[in-house]
Each structure stands twice: as C-alpha cells, then as structure tokens.
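The next part holds the structures, each set out as structure tokens.
Each of the next two complexes has chain A plus one more chain, namely chain B in the first and chain C in the second.
So, the complex of A and B:
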C-alpha cells in the first residue's frame, strides 16, 4: 500500500464518498446521481467495462474503495461525452471518470499494466521532459514497454511504416539523441511542478 | 298550464337541403308528426332563424318545438328557449354526414332523415317543461367533518367565499395529523428546505373567523335529510348533543398510519424501529437539536426503509399489507433525513428505496437532500434487527438492487415509511350483507349493525348505509377517472387522504376543491337543480305510487342513495340527492317512475315513430340506444369526421344506460326492429360511467334479456351491448356496420307486420 493510500484510509476511515468528494476532480457531483442508469445505457463501450458509471457511483456510496479504485472502468472511457449530454442530473460523468482514474493512479491502486494507463504515463513522462512530445522516443517506449524481446518484435513489425515515414521526412532518426525541445524547458518543468503542488494542496494530497 | 301548441322547424343549411328532400321532411313532420306548424329556414341557427322561432313562441303560443337541424349537442345556445319543450332531430351529424354519398343512397338517407323528424315530433309531444324542485327553505351552511389540514383548509376556503361553516373535530384541538409534525415538506419555492406546518396560524384564523362555528371534542351522531336540508346531530365527548342544519358536507377525516407493529418482517415492534410518525415525535422533542432515541442515546446513523408494508410485494412490501403507494412517504423521509443533517451533518442518513417517488416539485427537494449528503440506496430490505445487544444498534439486511448483492448496514435507528389507511368509516358492502342477515331475523347480525354503526363517520340515515361507499382499498368514494371530487352521496364530498393517499399540499388543494363542490351543491339545491354531472337540470323523478308494487328495485339500485323507503314501504324520493340519471326509471318493472322531459314515453314514442319497412323491402331497422355522455358524442364525432355507418340504425340518446327500461327493447322487437344495440360507458372497477353504476346495472339487466328473447322466439344476437368511450368515433362506426352485417346474416326479424 502506498503512503498516500495509507494516509487516505486513515483519514476517511470508511467514508469513501467523502474522500471522493474532496480528492477527486468533480467528485462532489457523485452524491447527486439518482441511479437512473441513462449513463450506463448511453456508453458505447458499456459492455466492455467492469462497472458502468452508475455502478461506480453506487459503489462509491457503498464504500467499496478497493473495488472502485482498482476497477478498469475509468480507464476505458473514450471521452465521447454521451453520458454528460444525457445525464438528467447534469453530472459531468466523463470528467468524474478521468478524475477517478487520476486519483487511482496517484494512490497506485489502478490496475497494473492497463494499456490506457501505460500510454498515459509514457506520454506524460515524454512530454514534461522537454516540453515537446518526442514521437520517436514515445513510439520506442511503447514498443519496449513489455520487455526487450517484445520490443524488438514490435519494431520489426512496424519497420515498413517507420521507413516510409523517414522517406516522407515525417520521422527524423536523429531525434533519438536529445531531440527537439522548447526554449524554457526548465520553466515548463517548474510550471508543472507548481501546478501539481497547488492541486495536491487543494485536494489534501500534499 | 297553457294548451300545447306544437311546431317543427326544419333547417336546410349545412348541406341538409342539398341532399335531402325537404318537402318529404315537411310531410313527415306535418302528416306523421302532427305538428301544428311546420317551417323551413335556410340558416335556422342565425339570428333571423332563431327570431322566427321566438316570434312563434311569443305571438302564436307555440309551447313545444321540434328542431330538425344538427345534433342536440350543437348550437345549444342559439336553440335555448326557456319554458319551452324542445326536441332535436339530428339531420346533420346523424344523417347527411354519416350516410354514404351518392344517389344510390338517396332513398335510405331520406328514410333515415324522415324517421328522425318523426321521432323528434313524437318525443316533444310527450315532454313537459320541468319546473325544478325549489323548496321553501334551503340551508347554505357547510359542515366540515375533521379539523386536520384538509378540514381546516376546506373550512377557511368556504368561509372566505362567504359561506357559514360548521367544523367538527373529534380531538380537543385543531390540526389533526399535521399538528404532530415538526415541519412539513416544502410547498413553495425553492423547495429545498422543510417548512413550518402553519397549523397554529390556521387554527387561530379559524377561531377568529365569525363564519366558522367550531365543535371540538365532537363527532357526528346522526346525519339525516338531503343536500340543502341535512339535519346533523353533533355529539360532544360529554354526551351533549347539538343540532345543526347544513346544506352540504365535506368529509375530511384523514388517515391513520398503518400499524407499524404489524410489520414484524421489517423489525416493527422492536426497540429502535419506529414509523415516520414516531420519528416526528422524536424530532419534535429534539426541536432542532440532536435527535435522541427512547433510551436517550443520540442518533448518529439512521436508515429509512421506504414502502414499508406498501405497494403489495413491490418496494419493501411483502404482499401482506397495503397494496398501494401512499404517495407522500418518499418526500417525508427526505424531510426527516434533513432533520438529522440540519442538526448535525455528520449523522449518516440512508434512504433505502426501490422507486423514489417525489411528484410535483419534490425533485428539487430530493436534490437538496443529496446536496446535504443524504445517501439514497436502491435496495430491498430482507430483515431488520432492532435493539441488538452491545451498542444497541440495529442491523438492516438488504439486497442492493444496483450492485446486485446481499449486504447490510448498521444504524442507531430504523424508520419505517408506513402507508396511509383512510378513516372512511363503515364498508357498505359489509354493511349491506350484515343488514340483509339482520332483516332475516339474525340476532347476532342485528347486534353487529349496532357495533358497526359506532365506527361510522357520518352516521347517515340513508337506506344504503351510514357512510359513503368505499372505493378500492377502502378509500372514500370518488369518481376517480373523470370527476375526482364526486362521490355517490350528493352534497357530500370527500377531501384529503380519506379519498386517496396524498401529501399535505395535495390535501390542501383537494380540500379547496371539495369546498367549492359543496358551494356548488348548496347553490344548485337552492334553485331546485341537479348537481353534477347534469348540473342545472331542473327535472327530477316523479313516481305514480298508486301503481308501485314495492319491489324495492329503485331504492336498491339508485347509485346515489337518493331513494329511501317510507313507513308504508313505498319509495321515498329525496330529490336533492338525485343526479337525474334515470337508473330508477330503468329499474322499475311497472314503469311508474319518470321525469317530466325524459320518460318511458318520450323514448318509447320515438322508437314507435320509426317507419319499419315490411319484410319484403329487405331493409333492416336497428334501434341504437346511446349514452348521451360518451357514446352519443362519439356518434356525432363520427359524423364530424365524415365516417359513414349504416343508414339502417335509428339512434336515441339516453341519459345513462342505467335508465334503459327493458320495455323499450321488447317494444322495439315487437314493432319489427331487427336488432337493438346499446352503447354505454365502461363498467365495474375501472368504470367511466358518469353515474358510476348505471352501465353496470344495465349490463346486469341485459344479461337477463335472453329469456325474454327466447319467449319471443328471437335469436339472442338481436340485443347487443357495447362499452364505448368518447374517443371511439371510428369504433362506433365499425360496431354499427358489423352489427348491421350480422343482422343481415341472421335474417330479418319475423315480427314485422
């Protein structure tokens, strides 16, 4: 159990709804759900999830902390916004889902190796390093996320596309060393750190 | 009364003159109808046409008018001649609009039109202009029984409208159930917080109102008479009796919460399990502070179990208690959860529901509770254990209906949302069966009638029993589909939860409505007119008692309890209680009951005025007796929509199928009609009959007509009854056409001359 998680459990004991209200982006909306199920019926990925938004909200009220935070549901959201449009209680369901995913990730309770979570993590780390997305490094990181052997296999499978991109001057192999960056790289990193500090303070995570 | 002088006016407008032979119509009115005057006009309902009739009435002494034009339902304002008997021959909606177009149909169309003219002439000659039933003195005071929220509202509404009110309350102070509440569910914007009940202010207003006479600690000991002259004995707790003369009655006797101790499966009767009324008492004791249990412990967690012993086996009912939803309990539990949250936001409040029903602006109240952190859980409770040892907590086992799992929740207190049981007095069905036994000499039954009468609210001296008839689930009578305020006891109106389950806001609206109905009743009675649904009707039943055989059918069958029996066992009509449906007229086997403008003769002479072709012409004739409330308007609408139906039918509107006397049917069949169709309203539990029982009684009577038909040597299909709604214009046309085809298939009647 991560420190943050231990601290959260101690602080909220068994009142998970309150924890979500205070610590999850738009979490204060969860109590307003009236369990009509329109979100569950509207979600194009509905059958592919462990729990529909309706169930997630009910589980939060029922105090099922472990189950909610380790659910893959929030990670499956494609942000199509069908649920937000249709919710009769005007809950920002998509945002709550992303908020929950983010919180589960912070507590390190999100499912391990969940592809969406992995992509998000690699993308974020890649981006904050230089202030720009390095596509070559991002792609390679993706290829090799499951080990060297799998990485080589992935790279071999994609080599045709890679060569094509290079011919069309859409991919610069020299990006592998350093790569392009933005002017105030250090400032970007400072901004991100500050934002995180403010956000954590606001959500009581600091 | 002046001598009868008849006149027929034939309108040739709206296309009547284009497709019908007007000379033929005039001939029918003159020769067969024997009208003294016959005139035609191209536009009878315009000022000039109406003036023509008015002049004849003023200058030529015309007293009986047959207007052959459009339906009796059209142009009623133009053709309104006070003091004159009027009949209407329906040539527009009833003939030219419904008979198929084209010269092929000219003959049957003309026959139909001429028959309607003959029928109109025959009818009007049998009519007498009703003079009303004005009595020398008539009370306009209004008695309100019950001084709760509904009763107080009704009393204030009637008094504010300028009427004297007598208010009877059995308790020592006004307020009823509402007096025991800390606050009430919000009734004005923004519908977010519980509001003050306002009981004290209303009680003070009533005390200060000079028009309201208040009887506390009192009940009704006897109610005799009829609207306009109810003689009511009000008994005080001490036994002292005072008499009040009133014109109308509002019964607002409210409800009693269902006995929580019967809900053993939900922990009813155990420690720390209370009903909503019990919680109100705790909240009132706390008065905004922390709510404490009976053992003095502060409540830190509470579970509200919705639909406890309600809705059959839906909600948290198990099918052994109430079968209905009481409507107010969801909002009430929300309000009570707020009592806890407002005193201390850290109290855990869970509302266990299966369908949260918060009608009106209740949705805003629901949202407000969610904002305050009240948890709503969709679940079905399987077991409640109250008063557990140790911390004295309760445990509620339930099935979570969203997460589909069996689980449980602990709480300091469990509140069961029980339902409303109406205080409606004696069940008349039970009463009738006991009285029948008692009349047969059963001593135990006699004792039971005395016992039952003690439980009566109004103690009516009516032949049909001491209270209003009860509706499904024991609520006081109401014409629930069409006229919710109406009851089967004229001038007596039920208001509030005694009529159907409802919350306080609905009860107040209901009470205002009932007060207005009571005012309408006393005003109509004073003028000798009928109350709803034939409001303003001046006719009333008259009986030739010398012909009466004392068979009691009229007294038993009158849906409104209007007819008692006098000392000599003859029917005693209380005209003020009568709704003028004519059910007594339909019931009477010796046909001694009639109305001045609607009688066995007015209808009988119409059906005999039809020219029935002989058997060689192969033109059947079908008599159609159509209820004027739904079936006849549907027939008119078929005409307005230009649907065509068979020109072999002859339609006669009746006040209600209950007024159909079987003599009309036998007369029609003996005169050579090939079939008789009846169209009335839906009967039984989901009735739409304006007179509640009329169509049901008619159906019962017609179920016995088979024997008569057999005696006459006729097929059973010659008489047929249909239930028709006012929207059924397409269906009535089809029913008529199908029946005509059926009659042609079984062949013409052998009774033709």
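So, the complex of A and C:
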C-alpha cells in the first residue's frame, strides 16, 4: 500500500463517498446518480469493461473502495461524452471517470499494466521532461513497454510507417539523442510542480 | 366591442377540460356568474380522449356526462368555445379581458345530423385521435362533443367543398361568412385551467419516435385501445397493422430529465400500469407487456393497483432507463438497448410496439401570459401576484383527473372569495 493510500484509509475510514467527494474531480456529483442506467446503455465500450458508470457510482456509495479504485472501467473511457449528453441528472460522468482514474493512479491502486494507464504515464513523463512531446521516444517507449523481444517485434511491424514518415520529413531519427526542446523548459517544470502542489493542497493530498 | 355579458362579479374560467368545467360548475352552483372559454370547438379536453381511468378502469364518458348535465341545467355558466384569451388588463376584482372568437362556420341551428360531413370530400388530420387517422373537413369533434355542433375546417371554407357542406344542410346551419371576432369583458377573478399537453417525443432523439413507425406515445396508445379510436379498439401497430401483443412501455419519456422536463409527471406510471391491462384484455395470456422504469411512482392509494399489476404474469418489469431504440429492418420491430440495473445485465430486446410514457407539460408553455402570472420552474401556473387569478388542474401541476378536479374545486373557492371581497368593498 502506498503511503497516500494508507493515509486516505486512516482519514476517511469507511466513508468512501466522502473521500470521493473531497478528492476526486467532480466527485461531489456522485450522490446525484439515480441509477437509471442510461449511461451504461449508451457507452460504446460498455460490454468491454468491468463496471458501468452507474455501477461504479453505486459501489462508491456502498463503500467498495478496493473494487472501485482497482477497476479497469475508468481507464476504458474514450471520452465520447454520450453518457453526459444523455444523463437525465446532468452528471459530468466522463469527467468523474477521469477523476477516479487519476485518483486511483495517485494512490497506486489502479490496475498494473493497464494499457491506457501505461500510455498515459509514458506520454506524461515524455511531455514534462522537455515541454514538448518527443514522438520518436514516445513511440519507442510504447513499443518496448512489454519487454525487448516484444519491442523489436513491434518496431519491425511498424517500420514501413516509420520510414515513410522519415521520407516525408515528419520524423527525425536524430531526435533519439536528446531531441528538440523549448526555451522555458525549467519554467514549464516549475509550473507543473506548482500546479500539482496547489491541486494536492486543495484535495488534501499534500 | 364591449359585451355586457359580464361584470366584476363574474368569474372567468379559461379552459374547458375536466378542471375548467369543474371550476366553472362549482362556482356557478354557488350562485356566481361564470364565463367558461375553451380554445377548441368542444368541452371535455384531454379527459375526453382517454379510454379508461385508473385505478377503477371506468370510462371517462361517465364523469363527463355528469358534468355536462350539470352544465346544461345551470344558467349561471356561459360557455364560449373556439375562444381564446388574448390579453388581461386591470387587477384583482376588476380585470378587463380581451377574447378572440374563431369562426366555427356552423351556427346554433345545427342538429349534428351529419349531412355536411357526408357531402364533404376533403379530409383533415383527426386531432381527437392525436393525428392517427383522418376526419372529414366538416366534423363533430367527438361523440360527446359539447356543444353538439359540427365544425367546418377553415381550409375548405372558400372551396367547392365548403359550398357542398352548405347546400347539404337542411337547417341553414352552415354559415361560411362567419368572421373572427374580438370582444372585451369585465370580470372579477380568473381561473386558468389551461391544462397540459403531452411532451413532444420527437425531442428524445435516441428513441426514434420520428423515425420508427412502431414507436408511439402513451396518448396515442390510449386512442388505439378506445373502440371509438382509429382502429376500433384493436391494438394494431402502425407500420403493418399487425396485432401488437408484445409491447414495451418506456417510463420517464421526457420526465425527470434535465434535458427535457425537470419534473416528475406523476401520472405516467399509473397510466402505463393501466395500459398493460388493456393488452391483457385484448390478448389474454398471450399478452406480453414489459415496463422499463427508473422507479415506479404509484402515488398513495395507487400502490394497491401497482401490487395487482405486479402479480399479473403477462406484465414484467425491467429496472432500466432505455438508452436507445433501433429497428429490425426485416420485420419493423423496435429493438431496445440498455442495461438492466438489477444485476447490470445488458439487453437488446425486440418488441412489436413501443409505447413512450410521455410526460405532461403545461399547454401554455411558450404562450405569452399576462405579466402578473407566476409560473414555477416547469412553467406550471401558480397564480397571479395580485391574488385574483389562479391555476387549476393540470395547468397548475401534473395531476391525474381525480386530483385535477380537487385542484379545480380549490381554485373555484379562491375565485369566489375574490368576488365576495370586491362585492363587500363596494357595498361599504
């Protein structure tokens, strides 16, 4: 268990709804759900995930902390916004799902190796390092996330596209060494750090 | 022109449905002078368009007949049909109301013999049956229409069909030269019994009311079940006229939804439970009704009716707000998609026919009312700031017939109080 997680359990005891309301983006909307199920029925990925949104909301109210935070559901959301459009109570369901994903990630409760989570993590680390996304490094990191052998296989499968991009001057192989950056790299990192500090303070995570 | 038919001791009732008739009669039977105005050619309103009432499953014709008898026997009520209120000036105890009277093209000589209807060829949409089917352009709105007089649709007045209607009439009742009239009356209090209208199901895009023939509304289903309706009381679906034995009822179609109507329309659960019994009556054990609901709101005493329907093996309940409807192109069956929240089971279920239990919205929504009128967040009429105008029945809240009548009686008493007060002030 991560320190943050131990802290959260100690602080909220069995009141997981309160924890979500205080610490998850738009979490205060959860109690407004009337369990009609229109979000679940409207979700294009509905059959593919563990728990539908209204089920997640009911589980939050029922205090099923472990199950909710380790669910893969929030990570399967493609932000199509069908649920928000149809929700009769106007819950910002997409935002709540992303908020839950983010919180579960912070507590390190999110499912290990979940592809969406991994891509998000790689993208974020890549971005904040230089203030720009280094596409070459990002793609390679993705290819090799499941080990060297799988990485080589992935790279071989994609080489046609890679060469094409190079020919069209959309991909610079020299980016592998350092890569281009932006002027205020240090400032960007400071901004991100400050934003996180403010956000953590507001959500009681600091 | 100013008509001398009313004084500030008169009560004006706007709307001639069950609430307006009740409000007018209660006041008139207390000896007050009442003017009852109705926009359409007949009294009865949407109550006359129902097949049966819940929970007793009796026919609205019975209650309407009693009210019509009271009305015919009471000289204190003056009924004006095809009349609308266009402006209200003045204040509590002394209003000046402008009325607009549309031409009926048929005068008091009419005996409702039907010769004009037989002579006319043009047909128009049948408003009484919510546009399911057509009527001749010279028509009696419905069998219990009051006044029992034909109406000629304005579309044929200047045509050969209009002349045909005129020459067919043995009583000289057809008057094609009638014009719209405007008149002003003086009244002391106003009861707004302007009623409700079904929520426009076209707005609920995922349900495809505009795209699929076999998705209909609860008010249309009521007409299908009625022997005086477009199918003679047979439950035949619109696309191919096949008997609809396997029917889905979707609750909260528009109601309890921030995107459509914020309020609970209160009557739709009971209306659906009632309609499942029409299906049972038509097909016996072969009937299959499925109610898709968020929660069943059978208010107070109606719980017994709900419990009875719950026992009915031909009726099943699925706790789910249906996400969307598609159509099986091969047979025209609507296919309902959603998730049953009891166990979170995903379904894609075919039915012969879908009935949307549409919500109630105020008939006057979007209509310009006097500035003084106070509306609630769903545009139901609460009354006027000066305390001289009152909402009654379904104009004031989503109500069933029984509660609408209670509300109308209450509004009538309030109007009588206004009249009494202004009378005593004048005397002093």
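To be clear about the criterion, the second predicted complex is superposed on the first by the 206 of 206 C-alpha atoms of A that agree within 3 Å, B and C clash if a C-alpha of one lies under 4 Å from a C-alpha of the other, contacts with A are read in each partner's own complex, and residues count from 1 in each chain.
The working rule: a contact is a pair of C-beta atoms (placed from the backbone, for glycine too) under 8 Å apart; a residue touches a chain by one contact, two chains touch by 3 or more.
No experiment lies behind these values; they were computed from the predicted model shown.
With the C-alpha superposition on chain A as described, chain C and chain B clash in the combined arrangement.
In the superposition on chain A, A:86 makes contact with chain C only, not with chain B.
In the superposition on chain A, A:147 contacts neither chain B nor chain C. After overlaying the two complexes on the shared chain, residue contacts for A:113 are found with neither chain B nor chain C.
Of the two partner chains placed by superposition, chain B and chain C are both touched by A:54. Of the two partner chains, chain B is the only one that A:32 touches; chain C does not reach it. Shared-chain residue A:17: touches chain B; no touch with chain C.
By the touch criterion defined above, A:173 reaches neither chain B nor chain C. For chain A, the partner that touches more of its residues is C, with chain B and chain C as the two candidates.
In the superposition on chain A, A:160 makes contact with neither chain B nor chain C.
Contact with chain B, but none with chain C, is seen for A:62 once the two complexes are overlaid on the shared chain.
It is stretch 112-120 of chain C, out of 112-120, 202-210, 274-282 or 346-354, that runs into chain B when the two complexes are superposed.
Judged by the document's definition of touching, chain A residues 34-35, 54-55, 89 lie at the interface with chain B and also at the interface with chain C.
Across the interface of their complex, chain A is touched by residues 206, 252, 256-259, 294, 319-324, 337-341, 344, 346 of chain C. Only residues 34-38, 40-42, 46-47, 51-52, 54-55, 85-90 of chain A touch chain C when the two sit together in their complex. Per the touch definition, chain A reaches chain B in the complex via residues 17, 31-32, 34-35, 54-55, 58-59, 61-62, 64, 89. Partner chain A is touched in their complex by these residues of chain B: 356, 366-367, 370-371, 373, 375-378, 400, 402-403, 407.
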